[in-house]
């Protein structure tokens, strides 16, 4: 049922990107996304696309695998393009009934589609090459300064990582409860909206109860293993910057500067 | 009439590198009014198999006939099949959701389109079959003990009045008393309600005591399908599948190996005791 | 010093009504005294609701006594200064394999405990490796827990506990949700830790076969210790065990049936070998000439057997004597 969602799921292989410190990848992805909004010229987009192509090459993830994940959001992409295409005022170049396509709209829509695709591909490169655990570790480490203003950084990252661990378990459980209720004649395929919502009760109640029971068990298990928050905790896999990570920051800085340059020049 | 399974296969993740042959060319017949034990270790395909029987999973190839009709046929009424072939999943108490026990048991009959009164009558019958004390009918299912919860959940399936009742590991996680209660209950339901019962289990000792026929699954194949006594003669093969014969079988085998000429086809303590005593009497005549 | 010492333990659960007001209390444990020596393998038996899981949670300071005292390695669980030391020394493995694994990679989960108690990174790696090796899960260290079988998951949980270098492990029905293979794996792992590393093991279970090799068994009923003794002492009391809604191993049950029918067998048979030895023993002792003639082939066969396993026979005889004594003790206790 949920197998089709491959967008940005971790792809296990060995590559330069996989080996990079997750903090670099996280910062890099943000920098890339911001840069996408900085550039506004065709040259800028070309630069962004080339940079992304290089990253994909470095990631060792098959291009087909990445694109397959894109399918899920194709619909969103088409809608955005249509909106921009027909709703941007300007010099009309094509008309069909009340639909008017302007020259500005066309150029804007193409740029928008490019920007969106690059945005999604760019962020999925990060999740494709970084395990969820590494990601939460990176988040915790990068947000550490926020601790000073009493943001529970460690707790947030622990919650995220536990949520990620339990998603597949709860998915499986959903599937099981659904089957059990179908075996009792439940109908989850009704077209009638009210019926459909009603039919979810026999699924959601057991699911919530189970989730709470698991949460309770887990809290007790964590306590039994001496968990008491982030204070005084050591790390099995601490994040330490290496030479290649510093080099990567350098490359990022250069790329960002180049993007600003395209904005200024073109 | 029952179910006829004709050469079915089931593949998980079909067409991908992860393809698993969960069912590999299985054929068998499940007649009315039989007590069947379905045995196999985790991952042997037994859970997949029972889910195909009531149409929850669609077979990749082959056919399943219920009362002579192909269950994947165009005109076939799946809802009827699901009420006739009742399936009690592992840890069925996890599917309880209503405010009280009786309303929960009424869920099935209501889904079959019955009015409140009829559904209630069915629910009461089902609860009586599982020996639920009347005082608990209006309790929240979440306030019951573990064994009671399980019985309430079984009643929820029983209220659909199935002709064939499949129970997937109905004793999992219960203590010895809870286990004996549930198994006793199932055996009694078999007698009083004239159903076919398929008991899915990995406990040989539980199964040996009750069933008329044992089906052993391994690696998606149906390996044995015979009388319990005959199946348990293959102790070595069963062990290589990660299963075992009942403990009593081992004792009798050892006795025989050590020179006591007893019949090793005993499955329960009572049978074994009788056999040993009979053998002694024979000696002392 | 005792590994665990419990004196007059009482535990009440507070029952609340729908508004959250206290509606009363339920007594889960009422007056338990218990003493566990370092290095012992202890089994706690009891039907569901007998109080055995509540007892387990007291040993790890997850629950605190309503009355009475629990000492873990000499530390009073009510003394909050020792709380984390107690939890480190008395590790706990729970019933549901899914609900106690925290990390998404096996080795990271094993490292979770050591991280919590501030073990330096290098040392964590060393401990993780050793712990996984001790339960035979080292080859799966990079896997996601979701890809493991139930028995494997429980072994990872055990590894997670030993990585904290405890003196004692409490296993709270660790096999209740597993299939027979998984059950064997887990019990074998626990047994090995007890034998090889001298870790005290307290196994809470309702599978009687798992208790056969224990040094001592406690049987719980209605919040009290109803019986205690060696497996032989406990399982020889078939009727009493039935009263407590428990089983005895099938071999013991068969011997019990045969005794009821008048056969002269010892009351404390625990393994099939013992039963067969005992049966053959009273067979030759009592058989008449006619029977011997009738069964001459079998008899010679048996003589061959006993000649080959003469040693075995004498140990069987010893066992019977010993068992008889133990049964006597059991009755006194």
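For reference, chains read A, B and C in written order, and residue numbers begin at 1 within each chain.
Operating definition for what follows: a residue touches a chain if its C-beta (ideal position, glycine included) is under 8 Å from a C-beta of that chain, and two chains touch if they have at least 3 such contacts.
Computed from a predicted structure; not experimentally measured.
Among the remaining chains, those touching chain A as well as chain B are C.
In terms of the distance between Cα centroids, chain B is separated most widely from A.
Each chain gets a centre from the mean of its Cα atoms; for chain A and chain B, those two points are 44 Å apart.
Chain C has its Cα centroid 47 Å from the Cα centroid of chain A. Chain geometry summary: the mean Cα position of chain B and that of chain C are 30 Å apart.
Residues of chain B found to touch two or more other chains are absent. Partner chain B is touched in their complex by these residues of chain A: 3, 173, 176-177, 179-187, 201-202, 205-206, 209-210. Per the touch definition, chain B reaches chain C in the complex via residues 41-43, 145-147, 172-178, 202-203, 205, 242-244, 246-248, 250-251, 254-255, 258-261, 269-270, 272-273, 276-277, 280, 283-285.
Chain A meets chain C in the complex at residues 131-133, 161-162, 164-165, 168-169, 213-214, 217-218, 220-228, 232-238.
Partner chain B is touched in their complex by these residues of chain C: 47-49, 95, 149-150, 176-177, 179-182, 206, 208, 245-247, 249-251, 253-254, 257-258, 261, 263, 272-273, 275-276, 279-280, 283, 286-288, 290-291, 294-295, 298-299, 301-302, 305.
Of all the residues in chain C, the ones that touch chain A in their complex are 60, 62, 84, 87-88, 91-92, 94, 96, 98-105, 107-108, 111-121, 124-125, 128, 145-146, 160-161, 164.
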